[in-house]
Structures are given as C-alpha cells and as structure tokens.
Amino acid sequence: MSKRSPIATQETRDEKETSRIEAFSDGVFAIAITLLVLDIKVPHDLTEEAGLAQALLHLWPAYLAFVISFAFIGIMWINHHKLFRLIRRSDHGLLLLNTLLLMGITFVPFPTTLLAENLQHPDQRLAAMVYSGIYEVIAIFFNLLWWYASYKNRLLSKNADPRAVRAITWSYACGPSLYLVAFGLAFVSAMASLAFNVALAVFFALPLGLQRVSLD
Amino acid sequence: MSKRSPIATQETRDEKETSRIEAFSDGVFAIAITLLVLDIKVPHDLTEEAGLAQALLHLWPAYLAFVISFAFIGIMWINHHKLFRLIRRSDHGLLLLNTLLLMGITFVPFPTTLLAENLQHPDQRLAAMVYSGIYEVIAIFFNLLWWYASYKNRLLSKNADPRAVRAITWSYACGPSLYLVAFGLAFVSAMASLAFNVALAVFFALPLGLQRVSLD
Amino acid sequence: MSKRSPIATQETRDEKETSRIEAFSDGVFAIAITLLVLDIKVPHDLTEEAGLAQALLHLWPAYLAFVISFAFIGIMWINHHKLFRLIRRSDHGLLLLNTLLLMGITFVPFPTTLLAENLQHPDQRLAAMVYSGIYEVIAIFFNLLWWYASYKNRLLSKNADPRAVRAITWSYACGPSLYLVAFGLAFVSAMASLAFNVALAVFFALPLGLQRVSLD
Amino acid sequence: MSKRSPIATQETRDEKETSRIEAFSDGVFAIAITLLVLDIKVPHDLTEEAGLAQALLHLWPAYLAFVISFAFIGIMWINHHKLFRLIRRSDHGLLLLNTLLLMGITFVPFPTTLLAENLQHPDQRLAAMVYSGIYEVIAIFFNLLWWYASYKNRLLSKNADPRAVRAITWSYACGPSLYLVAFGLAFVSAMASLAFNVALAVFFALPLGLQRVSLD
C-alpha cells in the first residue's frame, strides 16, 4: 500500500465507500427475503373432517406468494449486485436513492401477506393491484438510482463498458412499463396479473444477451 | 504484506478493527429498518360496508410511521457511515458507546408501533412524545460517540480535515435541541410534532455545505 | 494494484465477486437460524395445578425442533462456507442456483414450527414428513449448486485439489438418498424419523476423512 | 499479491477463513440483539381509569429485560470480537463450537420474554432461574471455544501476547461460577438475581487491566 500512487489510493477509498453501502444493502435484502416465511402460518383449529394435510394444501396461496416474492427479491438483489459492480464511487445522492430503493424492498412482506390472505377471496384483485403496485414503485426507484449513478458516468468505474451501461439503461427502462401491465391486469383478474408477474420474474432472471457481454 | 513498514501494518490493523464494528452496526441498522414493516398489519375482519380498500386506506398512520421511521434509521445509518469514514481506531470505550447507540436504534420499532396505533386516537400526543423522545435519546448517544472519538482526534484518521471534524461536531450538537422542540410540540399537537420530525429528517438528509467539503 | 499483472487483477475481481454472494448468503443463513427462536412461545394461561415449570417442560417438542433445525442450518452454513472456499468465480447461473438454495434455507422455520406444534399429536407423522421433505429439497439444491460450479472445474479455484472436489461430490450425492430414508421413516414413526435426522446432523457435522484433506 | 512469499499467502488465506466466521457470527449477534425489541408489546385494551401513560409505565419489566439482555448480547459480541482478534486460523472444531455458542446467543430472546412476562408475578423466581441459566450455558460455551482455540496456541495468531491469552483464559474461567451465583440467587429472590446479573454486565463491560494490555 505504501508504494501506490495517490490515484490508486483514491480508487481504493472509493471501493471501500461503496462496499459498506453494499454490505448494508445486502443485510436489508437478506432480512426482507427471510422475513417472507413468517407470512406462512402453521394451521391451527383443524376440524374433524379436514385434517392437517388438507389445511396444509389450503395454504397454497401463501406458498405461491412466498415463492414469487422470494424470486423477486432474489432477482432484485442480483440486479443490485450487478449495478454495484459498475458503480464504484459514492456520494450523498446515491446514499439517499439507495435508501429509497431499500424502503421499497423492505415493504414487500406487507403486500405479500395481503396477497396470500386474499387470493381466492372477494378482494383478490385489489390485493394483486397493491402487489404489482409495489413492484412498479421499486422498478422506478431502481431506474432513479441507475440514472443518477450512470449520468455522464458520474459514479461508474472508469473502465465500465459503455455498451454494458447502455444495455442496463435500456433493460431497466422497460421495467416500469411491464409492471404497469401487471398492475392493469389485476383490474381484470388476480391470477392473470400473478401469472404475468411470474413471467416477468423469469424474464429478469434470464441473463439478457447484452447484459451477458458486460459480465462475462 | 511482507514488504510493508510497521506503520503501514498498524494502519491496516486499525482499519480491520473498525471494519468489524461497522459490519456489526450495519447488521443492526439493517435489521431494525427491516423490522419496521412488521408493524403494518394486514387488515382482517372486514365489515360488509367498508371493504379491503377502505381498510387499507385507514392504515395510513401505520404507513406514515413506517416511512418516517425508515427515513430516520436510514439517515442515521448514513451519518454512522460518515462518522466511521473519519474514525479509524477503536478502543473499549468506542465499542461500549457504539453498543449504546445501537440500543437506541433497535428500540425504534416499539415507539413506531405505538405511534401507528395511537395516531388519531385520544393518546396520540403521548405517543408522539415517546416517539420524539427516543430520537432525542439517540441524538444524545450520537453526540457522546462523536465527542469520545473526536476528542483531541483520539480515534480519528490522521489526515482527517479539522474543518470537517468541526462541522460534524456543530451539526450534531444541534440535534438534541431540535428533537427537544419536536418533543415539546407533542404536548400541543401530535401532528405538529410529526410534521417537525419530517422537516428534521429532510434537514439531516440534505448534505450541509461543510459536510460536503469533507466528503467530496 | 497498479503494479499487478492482468492475471492477478482478474483473480482479485473474481474473489470480490463471490465475496458478495457469500456476504448475502451469510446474512440469509444468520437470519433464518435466528428466527427459529421465535417459534418457542412463552406459555400463558397457566392452570392452577400445572404451573410455569410444568408448562416449560411441556414445550420440549419446541426445544427439540429448535435444536435440530439450528444444528441443520448451522451445518448447512459450514458446508456452504466450505464450498465457497473452492468456488472462486461467479456467473448468472451460480447466482440463481444460490438463490434457490437460500429459498430452501429460509423456508426451514415453517416446517420447524409445524413439527414443534404437532409432535405428540395425531398429525405428528405428517409433520415429520414435511420436515424431512424440506431437507430433501435443500440437499438436492446443494447438489445442483455444486454440480454446476464443479462441472469441468468451471467456477472453481485453479488450484482446487481434484481429490477434495471428488470427495465433496460423493459425500453430497449421498445427501438426498439419506433424507429420503428420513422421509420414509416418517410414514412409520415421527420419532424414528427425527432420530434419524439427528443422526444425519451428527454425520454431516463430523468432518469426513477426505474432506479433511482438502481443508487442512 | 503475485510477489508475496508462500507463507504470506497462507497467512492471508487464514485471515479470510476466520473473517467469514466473524461475518456470520456478527449477523447472528446483530439479529438476536435486534429481535429483543419484539418482546415489548404495545399495550392494547386500556381501561378508562388507567390510560396509555399508566400502561406504558407498567411495561417496566419488559424495558428492564430488554436493557439487560441487550447489554449482555452487546458485551458478548465485544468479547467474541476480541477473541477473534487473537484467533486467526480456523478448523472444523472451531466452526462447530462457534455454532454451539451462537445457538446459545439466539436462544436469549426466549428467556428474556419469559422474564419480562413473569417479573412481579408468582413464577418470577423460576423465570429468573431460566434467565440466569441460559447465561451460565453461554459462559460455558465461550470457555469451550476459547480453550479449543488457545490450547497450545493451536488457532491463535503467531504473535499473540502470552500474557493476554492467559488473562482471557482466567477472566473467562470466572464466568460460569459467577453466573452460577446469579442462578442460585434466583431461588431466593428474582430481583436479587437480576441485580447481580446487572453487576456482572457492568463487570464484563469494564476492560480488565490485562485485557487492556493486549488491545492497546
């Protein structure tokens, strides 16, 4: 370390800077994703006819909500992780926008429970709207964070591949419109909206051609 | 590593020292901020007239308390993060004062629930007093930690800018008096106290001129 | 850093890559293992004859489920830790398979509560089946992750000992069959299945001869 | 890195080894300490005569249990942190003993709730016994971990000061006997046992003369 040039030292301090943001974010993602299981309540007060097996099967909306929300938070973590491979510097604005994004993430367990308890009940379309709505908000927060960091390469690594940056900008820009479709579908049918959400999760889980270029 | 001078090694060991304090603190901040969502309970036992939509709207005090508490813990994390960019060494006193500060942070979910459940109810002013009271206590703990670390530059980085140190000392010294105002306002009106708390959150979120000097 | 060869830099970036996966996974393991205690409910509504002491003793299924689940998640963490001493590179597939594995881990508190509440009750065999079933699924996810990473040494450290890699492959391959036995035993007797689970925990806790070679 | 001798590389890999154990342990400590606040329940069903203020004051056993348990877990974390400044290498036994210690730590919220709900009630002495009992068990686990790691300097840093090692061995050896006193006192009086626990927390929080030598 004693032999490094001042520029290298600067680089190192910058890495340390974002590494604590990443550690804090990792913690929040990890807790939000783990709290989801608390929404699956062990069934009590079983009746004579329908035993525990039946009761466990009737919990399927809770399992479904758990799996979809887990997939979403997991994929968001992977995306956050990828963004911060390119984001190297940090400033006050980035800290605030990252906090805003994390607020969206930590809120996910609430609409998840709401969905789990209302699926197959009269209010299921409203629950699906709220559920898609929160992802819409998170998608917007992701775009704000990325626009702020990537504007004129403000906080990006010096050797960030411009094509990779553009590819992320484009694929993120699609997010809010897609979740808006999921939100709109919920007016018609809760299950259609959920199915579209699952399709979106698969879409964002698959590495896009251009994203691949930047990571491999 | 084998070629470093003893001084460089000392520096490195010091960094490792505070880095584990930061990791533990990050964990506590991350969990406290994520537990806040557990206070927003999905509504049950809906009546015929007022459906789920109405019930979700009636939860606004819970959403408000969630957002304010999230903003406060988020801003406190940002501030903790900034302090530990200057604090490089660690000793037993710092560990104890940091633990005291974290005790304040982890307590936040309790007054948050208290506020969420009592806003717009007879005891709302008492709830707002407790809510402001805990931030008053945390502000005092932040000052204790900073005074201890910065006294004669005891635990600060050798090349900490004295103006940056003084700027933090001054802006932190304002905290307890400001939260005392929020506490006093709660005697008169819960909403006035909350509005002042929101204003404080915005104030502490904005980077002050002098803080900026030290970070950019 | 400025003086390192390109190869060394590549190596360093790879380490950083998996280190954030490890940090996120550590967080999820740590939270899942800590949430287990929430399943042990402090007894209320004590009757005259049977006081608190009796009530605390009657909680033994909850203590037992806590200890077994804690041991399992702890051992899984140790195994995850060992795998990532050999896995050095990361790609999109690894991220997805690791997320899948973590989904299994975070689900553990649910079957743990289910078991704790049904042990010594009519549905205890079903509860033991679900409990063994989740470990079966996790064991399969562990194999998927390891096969993906170790196939043609794709993501392993260049100097990974081939014997160590083969030893892990073999000991992991046993997992699913063993948990299948625990699952089958639950049809006959919940306690027999649990006893077998305890034996498996002890077996996986003991370092195997060949694993030792790779770690010492 | 490319210029380091094999010995230095070995040293570096060892540090990485314990650093992930520390990260996982930090996570568990951080979550256990933050979950404590969930035991303080916001009061409901207030009667006309005794309003919220009264109800909040009646929660003092919950606040007391929160503060003592927080102090204990905080101090245990500080001690864990200090041990791992000396422990540099890791093996399977250390991983298992550390997992055992963490099982004790994560169990703390249960006796804390038990104490908070039974203080000033008929069963308060039993609750105080369970509460002291868990600390007794944790103190024994701490000794097991330390004996294992420090036996013939097995896993300690090469340049660990022998006086510091002996000082820790002695101060830790006192722990189980002291908690046994707290346990015994609970037979006579819950409050006397608690007061002794507070005194122990203060005693372990104060840096001992010899410990200081090893850290400054």
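A, B, C and D are the chain letters, set down in written order, and residue numbers restart from 1 in every chain.
Everything that follows uses one rule, which is that contacts are C-beta pairs under 8 Å (C-beta built on N, C-alpha and C of every residue); 3 or more make two chains touch, one makes a residue touch a chain.
What you see is a predicted model, and the numbers here were worked out from it, not measured in a lab.
Asker: If I superpose subunit C onto subunit D using their CA atoms, what angle of rotation comes out, to the nearest 5 degrees?
Answerer: So the copies are related by a turn of 90 degrees.
Asker: Are the two sides of the subunit A and subunit C contact the same residues or different ones, given that same means over half of the numbers occur on both copies?
Answerer: different
Asker: Please work out the Cα centroid separation of subunit A and subunit C, and write it as a whole number of Å.
Answerer: 24
Asker: Please work out the Cα centroid separation of subunit A and subunit D, and write it as a whole number of Å.
Answerer: 35
Asker: Multi-chain contacts only, two chains or more: what residues does subunit A have there?
Answerer: Those would be 23, 27, 30-31, 35, 38.
Asker: In the complex of these two chains, what residues of subunit C are touching subunit A?
Answerer: It comes out as residues 1-3, 17, 20-21, 23-24, 27-28, 30-32, 35, 38, 91-92, 95-96, 99, 102-103, 106-107, 109-110, 113-114, 117-118, 122-123, 126-127, 130.
Asker: Which residues of subunit D touch subunit B once you look at their complex with the stated criterion?
Answerer: 3-5, 7-8, 11-12, 22-23, 26-27, 29-31, 33-38, 40, 42, 44, 46, 51-53, 56, 66-67, 70-71, 74-75, 77-78, 81, 85, 205, 207, 212, 215-216
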